[in-house]
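For reference, chains read A, B, C and D in written order, and residue numbers begin at 1 within each chain.
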Amino acid sequence: MTLFDDYLLLTLAVVMALGAVFVRDLLSGVLILAAYSFFLALLWAGLGAVDVAFTEAVVGAGLSTVFFLMALFLTSHQEAVRKQLRVRIIALGSLGILGSLLLFGSVDLPVVGDPKSLPNKHISSNYLRKSLEETDTPNVVTAVLADYRGFDTLGEATVIFTAGVACWMLLRRRDDSAT
Amino acid sequence: MTSSLPGFLFAIPFFAAVVIPVVGFTNQKFCRPIALSALVFLSIVSVIGLSEAVSHGPLSHAFGGWAPPIGIEWVVDGLSGLLMVAISIVSLITLVHAGPLVEKELPGRVIPFYSLSLLLIAALGGMVLTGDLFNLFVFLEIGSLASYVLVGVAGGRSLLPAFRYLILGTIGASIYLLGVGYLYAATGTLNMADLTQRLPEVLNSRAVLTGLLFIVFGLAIKMGLFPLHGWLPDAYTYAPDACTPLLASVVTKVPLYAFVRIAFWIFGMGTVSTQIPILVVLGWVGAVAAIVGAYLAIWQENFKRMLAYSSVSSMGLFMLGFSLGTETGFAGGLFYVLADTLMKAALFGVAGAAIYQCGASTVTDLVRLRRNMPWVSAALLISALSMVGIPPTAGFFGKWHLVVGALEAEKYFAVAAILVSSMLTALYFFRMFQRVWAEPLQLVKPHVLETPFPIRISLGVLTFGIMALGLGSDLVMGLIFESAIPKGF
Amino acid sequence: MIRPHDSVIVHTLARVFTPIIQLFALYVLIHGHDSPGGGFQAGTLFAASIILSILAFGIQDSQTVLERRAIILGGIGILLYAGIGLLPLILGAEFLNYGELPIPGMEASARRHWGILGIEIGVTIAVAATAVSIFYSLSGRGEGEGK
Amino acid sequence: MADIFFYRPHFVAFIILFLLGVYIMVVNLNLVKKLIGMYLMQTSIILFFITLAVKKDSTIPILLSSATAVTPEAYANPLPHVLMLTAIVVGVSTLGVSLAMVIALYRQYNTLEEDQILGKMQ
């Protein structure tokens, strides 16, 4: 993975994001969003995060798109056109503050790719060193996900379970009340 | 001290929440007993946890057997134990109260209602007890998803407020996560205790400053702190009456707790008051919120909306108390959080009971409570007096300690803000009393009956709690001073 | 309310792809220890295969029952995960400490290996069932929602 | 400040995506567009975390052999990957719930525009 690939994929992702946002037809927007997800998955794979890339491809380009499409088939495709200049200016102003704060904080962020940076060194190297010996699992991401931080993963499974119960509750027909 | 008790604090509501849909498939009648008995157990275990933590020092539980910072730990100390006790007991009472309302308002959705409520309670407990910033985010999201849906489940007018709550809440949670990312980039750890040790070395880093600002900003959206309270009034007004007591009493208090934990324990008093002086800003924000919230509440005709603005005002008072920078102010803020949890549960319980029994949703309609509803009227009277701050209710002692703390800190704008907001609160509650009790009785429709037993008993217990917390305030304040005050004052 | 698709091509492709996707999901689940993937990805793949066959062949069964069963299966998956976690807690160790699982004749690291596999199976069931359940919910059975 | 655009392309892309997402969530009145914005915002945070995990000349975090001792510099940092797996799941769950709300809103008001819904609520 060279820096050039990164530039290429990042540019493509940003272009896709802009396309998804500014196209008026929501169906096209959602499909462009799937393409965006796909480029992101490639980017994650290039940056060494294969598990995240896999999940992004399955969930972002797959499941999310299916959910979006299901919703769009039941509702409408078209976005109304309107002008609301004042809201936009206020929002742009506050986002400018947010953006400059992000840039302000970025100066002291570790250099990308530095193996000696604190986030890459402190606890994460413990996982890399010990996971095979302690958990018998060569894929360190799986070991951290399911064991070292297994409680987060239980929370994660609970989040999607909550979403399942929530959708069931929200879209239930009135006449089911007999059951 | 390591202990398995925090593990059970997670397991009890969690297992109940997951078991309810599985069991409810065969018989829906089991849902309520399972939920209530789980909460009874949870309350007992959390009381034991608090007393252990106060007498023997903090209890920690390293999930998966991995010592932090490698793994995730949960800690019951004075502060988190106290909050956990409050959450478990108040949510037990509000679910008892919700029983008749659920049957009427959400027929056919009883199973998911109890399941989601318990998931919400488990998530709130997780946010309070966890010692890991990312784990906090996970539980924040579980709790938020559950509360978005509990707001919007009745359909109709509640859907759009729920959707807006979801959009703003997701922005808040994402900004919080971003802040955690900045802190992780600057220190390389997610564990709170480890962060406390490592932060002093990197305190000059701009990444830490940005991270703290993002975390506070994200949590402020979640707690409905003025001027980021946009989602709150509509959500509380249109949410089903079965859900509002639970939502209004505990859901916004827990992000506030997370803020307190991060600002005063991880960063430390010295940092947030001098090096990164966010407390000064938050003090002013709190003062403005306390006054503006109370002012807006005056103009509301809908009773629940009035209480919602009153919540905005209370959030300002808490923030003001925590940012005073004195021990008394901090303890007063914490005491007022506990008092407000009871008061909001009672007031929203009264609002729900009034709508359930006689369709009274506006302040003027409350006059119908006068006949034959002594329990509901008494609960309304006492909790409203407590909101205003009349002794010997809990609200009075909360405000008293806040004022004393502000005087100690010599922050006279805070004293003024507390007094002005109390006066405005008095204005709208006394206006309500005047409408309810000074009208001629002929207007009252005769055939209104007292509410069902679960509503009566829960309102009774909440009212008793408000009085008891007020009368026993020395005891509770002693507990707070002894074990729930951060170092560095 | 999903009617079967009336194209033969769609039917044939769905018939061919559903088992392939499911087989791949199983592979992803079992090889989560030493290659990318794991419970969540496997669960989503399972859900995708089920959604594919629903889209191709429609739903004949009474949907309320199916949807409820799906969410219950999701609950069972989570109960499996949390049950594996609860066992060590009851035996006196920490929640989710697979090293203390009562599996005889194994070192702690091997117990952890099997514990991870167990919870990954739980995650797979939970995620697959819940994703299908959300799909059912979103597929718009509720035209009669009270106005 | 200017060199950030050349040396930190990931960070610049993160800022663009994040601000774009938040902007659309706040300003756009179409409910589905808001959710597209939400998706962009959540993925941008994933981008931020993943770039923290990159190590130059390293490989994916799957250990190759148990014989030799592991040098952490040779593998990418697994912790942000794990956190982001969780964040992706949280994102898709939120998306499912919000789309359910959008469908319920559409059933009720027959439109996806927030201002029109507000108009019909009056």
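Descriptive notes on the structure:
As a working rule, a contact is a pair of C-beta atoms (placed from the backbone, for glycine too) under 8 Å apart; a residue touches a chain by one contact, two chains touch by 3 or more.
Note that the structure is predicted; figures quoted are calculated from it, not measured.
Chains A-D form the pair joined by the most contacting C-beta pairs. Averaging C-alpha coordinates per chain places the centre of chain A 30 Å away from that of chain B.
Work out the mean CA point of chain C and of chain D, and you get 24 Å between them. Taking each chain's centre as the average of its CA atoms, chain B and chain D sit 29 Å apart. Separation between the centroids of chain B and chain C, computed from CA atoms only, is 35 Å.
Residue positions of chain A touching 2 or more other chains, listed in rising order: 50-51, 55, 59, 63, 67, 70-71, 74, 102, 106, 109-110, 117, 119-121, 123-124, 127, 133, 138-139, 141, 143, 145, 147, 149-153, 155-156, 158-168, 170-172, 174, 176, 179. Among all residues of chain D, those that touch two or more other chains are 18, 22, 26, 52, 60, 62, 80, 83, 85-86, 89-90, 93-94, 96-97, 99-104, 108. Multi-chain contact residues of chain B (touching two or more other chains) are listed as 14, 18, 21, 63-64, 134, 138, 141, 145, 148-149, 152, 155, 184-185. Chain contacts here are complete: no pair of chains fails to touch. In the complex of the two chains, the chain A residues touching chain B come out as 101-102, 104-110, 117-124, 126-127, 147-152, 155-156, 158-159, 161-163, 165-166, 168-170, 172, 174, 176-179. For chain D in complex with chain A, the residues that touch the partner chain are 1, 4, 7-11, 13, 15-20, 22-24, 26-27, 29-30, 32-33, 35-37, 39-40, 43, 46-47, 50-56, 58-64, 66, 69-70, 72-73, 75-86, 88-97, 99-104, 106, 111-113, 115-116. Listed in rising order, the residues of chain B touching chain A in the complex are 14, 18, 21, 28, 63-64, 66, 69-72, 107-109, 112-113, 115-116, 119, 126, 134-135, 138-139, 141-142, 145-146, 148-149, 152-153, 182, 184-189, 198, 202, 205-211, 213-214. On chain A, the positions that touch chain C within their shared complex are 50-51, 53-55, 58-59, 62-63, 66-67, 70-71, 73-74, 133-139, 141-143, 145-147, 150-151, 153-154, 156-158, 160-161, 163-165, 167-168, 170-176, 179. Residues of chain D that touch chain B in their complex: 18, 22, 25-26, 31, 34, 38, 41-42, 45, 48-49, 52, 80, 83, 86-87, 90, 93-94, 97-98, 101-102, 104-105, 108, 114, 117-118, 121.
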